[in-house]
Amino acid sequence: MAIMTTSSLTFQPVLDRIAAEIEKTPERGRPADYIPALAACDPRRFGMAVAEPDGTVYGVGDWRQPFSAQSITKVFTLALDLAREGDALWEHVGREPSGNPFNSLVQLEYENGIPRNPFINAGALVVTDRLQTQTGDAAETLLAFLRAESGNDELTINERVAASESAHGDRNAALGHFMASYGNIGNPVPVLLNQYFRQCSVEASCADLALATGFLARHGIRADGTRLLSSSQSKQVNAIMLTCGTYDAAGDFAYRVGLPGKSGVGGGIIAVVPGHCTLCVWSPGLDERGNSVSGVAALDRFTTLTGLSVF
Amino acid sequence: MAIMTTSSLTFQPVLDRIAAEIEKTPERGRPADYIPALAACDPRRFGMAVAEPDGTVYGVGDWRQPFSAQSITKVFTLALDLAREGDALWEHVGREPSGNPFNSLVQLEYENGIPRNPFINAGALVVTDRLQTQTGDAAETLLAFLRAESGNDELTINERVAASESAHGDRNAALGHFMASYGNIGNPVPVLLNQYFRQCSVEASCADLALATGFLARHGIRADGTRLLSSSQSKQVNAIMLTCGTYDAAGDFAYRVGLPGKSGVGGGIIAVVPGHCTLCVWSPGLDERGNSVSGVAALDRFTTLTGLSVF
Amino acid sequence: MAIMTTSSLTFQPVLDRIAAEIEKTPERGRPADYIPALAACDPRRFGMAVAEPDGTVYGVGDWRQPFSAQSITKVFTLALDLAREGDALWEHVGREPSGNPFNSLVQLEYENGIPRNPFINAGALVVTDRLQTQTGDAAETLLAFLRAESGNDELTINERVAASESAHGDRNAALGHFMASYGNIGNPVPVLLNQYFRQCSVEASCADLALATGFLARHGIRADGTRLLSSSQSKQVNAIMLTCGTYDAAGDFAYRVGLPGKSGVGGGIIAVVPGHCTLCVWSPGLDERGNSVSGVAALDRFTTLTGLSVF
Amino acid sequence: MAIMTTSSLTFQPVLDRIAAEIEKTPERGRPADYIPALAACDPRRFGMAVAEPDGTVYGVGDWRQPFSAQSITKVFTLALDLAREGDALWEHVGREPSGNPFNSLVQLEYENGIPRNPFINAGALVVTDRLQTQTGDAAETLLAFLRAESGNDELTINERVAASESAHGDRNAALGHFMASYGNIGNPVPVLLNQYFRQCSVEASCADLALATGFLARHGIRADGTRLLSSSQSKQVNAIMLTCGTYDAAGDFAYRVGLPGKSGVGGGIIAVVPGHCTLCVWSPGLDERGNSVSGVAALDRFTTLTGLSVF
């Protein structure tokens, strides 16, 4: 691994170059269309931020524009629950790739209501359910954490998006009831769904999310120097991001980008270079597997230009 | 990532300490029992080797004892075919985790005869089929490569094991014919199976295999300084090893060990610390997912003691 | 087919003989235990009734004891909906056997929310949803029909059982929301579930249900001489009962009994000898596939003793 | 069941009327195209025969034209093996509908190499394997039986078709090896495949096959008055035909035709009216599920016109 020495590095020229290249790209994908709030986004918007472990942030384009974090939040609720209950979580959710595009319910049935990993919807529902039990309000716990790590108190939940998610939430309701039928959900399913849809509807910018991900580059240490996760747990979250973080494209993402990452259907992707920096990129146009087209392209260019890859 | 500076490092004390710890472990797993040659192995045997990019090798225990490489060879045939036909390979095999324990045929049917990745049996058959087409003798091509990289001309194919694999090869024959029915096999199925069973029956030691894996720590450069793979291809092979290298335990392996690795039912595992070193560990007792119990434990200890992990 | 001439036939001696044989059988199965109301049933209870097309009923044992009809009601809601909307129903539910024990959700996902047939839970939910849309109260429509056909105005819905079904209804809730996510449910899922659980909780006796099934022996004609189904539709319902009426044991039931039949987890089974008679048998002990052990045995004996079989 | 009294019946006018109607039908389907010998058939050809239990045969159109019997032979090998080993067969193959279009290998894997029923390819391979073990030459045993029952010594195996089947036989080879890997095949897979492909390549006419099916209308009695199957076994074969005889369209066939039947990709279908008659219809154009378009239509008309249906 060719690692640039931090002292000689400023990420700004790299970000500028990537933004210029993306600007020229004709194919930008299509925004998620299952709820109106996401469908309205312009697929040509693009922002990218890099945060160093000390809190220095570099950015380009729409890097200060809040967007719908969606599944990116799954990384934070996972860390917040792991910090509270540790390995007990793993009796309720696995950590293996899910591996097939139609598997959400198939595998869940085959494996008796234990989802494959915390980043498929079923697994994220389990994590939120457990965090809800631990804290009494999973979505507010998440929001407080993101505000503290990003230093941005304006960061909020878009209640209109949450209501829209709920109105289109039959698939998640099915997953919740299905796991409840196996005894793997502790809260009433409607309570869980409400927390889950609110969690997905957090809005934050690339700068906010790159900063909030910092604990994964700092081996578990929060922005204020306190410890959220052990070094080993931090390494574990990175491993799960690498193997399961980008839906059914985890192998392809590892192959092209080579970093732990997590995408959301809002068009955001966070990524980690352990020990070095964290990234967040946003562009609302998605590919057919639900990952931001320009986001993946930008991260691909970033690792190529800097040589920063775990492989 | 806490990286030890190479200059101050010698791996010998770490290996000695790991071997001493493993020695005291009561639970060693059970050897593969589907063919007699493997079933006869003593599960308490243990060897481990680390090779540095310059060819220096450290070892402990049975590190010079040849064993049946089995699925470890899939890494080399993948690299050898990629070096010859490049991205054309990916039209015939995917690179996503397979994700479910019973999927070999299920997924193959669902995905029209295109296996999920080169490390499940179906995918390895496709790679061997293509290498056979490229070279006229896939198994001999592999053998020549392993001899050259390890500097060990004694390294050989155990024909008795190959015959035994063939006699118990109905499942692989089913996979081969099934993919042929989709037009995804170029050679006659019996020819392919013969090559495949011979490839699996290569015998090599931890020292041999750690050395032969060196090109993946050297970003694609062979022992003699010539290039086998581009830097990008080398990174890609590492990514596939991390996400798909240990059967249905890839997530768990990434979580515990945090290195690209590939296991075989002979009890061996190879692993890569990109830019730093390659490892091979051997102990014939397997866990229920087919990975060496002591091998995984030894690699887990290695990354903990040295801090060498990609996360 | 050896057919007894109706004139010389009285079913009473056959029923008496069967009851005496069943009485001596040691193995009676175990009652359904997912809700307390069913678990409390004594597996040694047994009743059987035969109704002739003209309304004559023969019975033995507990043939006048009301029991929980459960899935037997699926035959009646199917007929009631078919009578109203005809073939339009078949755009929303199939009529092929489901064929595998774990398929409820697997196949539903594979086939985009269209259940395989009206007798698996998913299919019955669709039928109830459509009957609810047609009538505004599916459960009351069913109840009125059963009362009219059986001539028993005491026949009722056990609301305590319905509440218990609802409290243990996560799996059905999952199915409902899942099909709703494919647009295959017209009513709000909670409304549908309430109707469905009430429908399952109808209590009726063997005599009641044998009489209520009479229209299927009379080629679609109700007890009062009016037509419910066309002759062709009546034949179709019989065909679906034969191929799909006994969960994953339809083949075995056809093989042993050779009559269209439909079982419920309350321990009841109805069966039809087209043109000749209808039967209902009840004994709460189930086999591992959810069919009444003594009920299947009694029907098997009935067809053997009388030669009345469709094959 | 409205049963015509045999004394007043001659089937000739019904057959003539059906043939006239089919003649006017524009949509005739497409011949199977996986082997050239079948693809060359004219989809407008049509023949139909009815055989009474006493051997009287009525026919229309191409009813004396030999065609490729294909999967229709599965009924005869099933009966021939059942006659020899009885219920022991059912430890190796089930008798439940397979229920899903993609299941050949999926279900086989899920159910550990035991095929669902004798009429899917996997199940037919098991039956042929067992008949081969019983007789030393399954295909010749079949041929001798068909010649004896039809009284036609010209009836033969088309070796050119058998060779063509073999050349396109990768899917069946996969099934054979796959079941062998579970220990469910007794003969060497190549021997089994050779027998199976020869069995499929029997050529016979509608008249031949209607007569050869006669034992199923005579409750197990062969043409010469000797018993092949017990009355109960005969009923069982009819039950399996009804629930599993027409690929993934068994429910639809039962719904439309209402008779035990078995189709083949050569365009033939046999059917049974227990106690009354047997039928064979042939027209090479298939629907998308592999059943003869005009064949199903003709049987549908036959049961409508005569009232002969098991429902």
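Chains: A, B, C and D, in written order; residue numbering restarts at 1 for each.
Note that in this section a residue touches a chain if its C-beta (ideal position, glycine included) is under 8 Å from a C-beta of that chain, and two chains touch if they have at least 3 such contacts.
Just so it is clear, the model here is predicted, and its values are computed rather than measured.
Under the contact definition, chain B and chain C share the contacting chains A, D. As a whole-number value, the distance joining the C-alpha centres of chain A and chain C reads 48 Å. As a whole-number value, the distance joining the C-alpha centres of chain C and chain D reads 32 Å. A straight line joining the Cα centres of chain A and chain D is 56 Å long. Each of the following residues of chain B touches two or more other chains: 102, 110.
Across the whole structure, chains are in contact as follows: A-B, A-C, B-D, C-D. Residue ranges on chain D touching chain C, taken from their complex, read 1-3, 94-100, 102-103, 107, 110, 116-117, 234-236, 238-240, 242-244, 248-252, 254-255, 258, 260, 274-276, 309-311. On the chain D side of its complex with chain B, the touching residues are 102, 104-106, 108-110, 170-171, 173-178, 180-181, 189.
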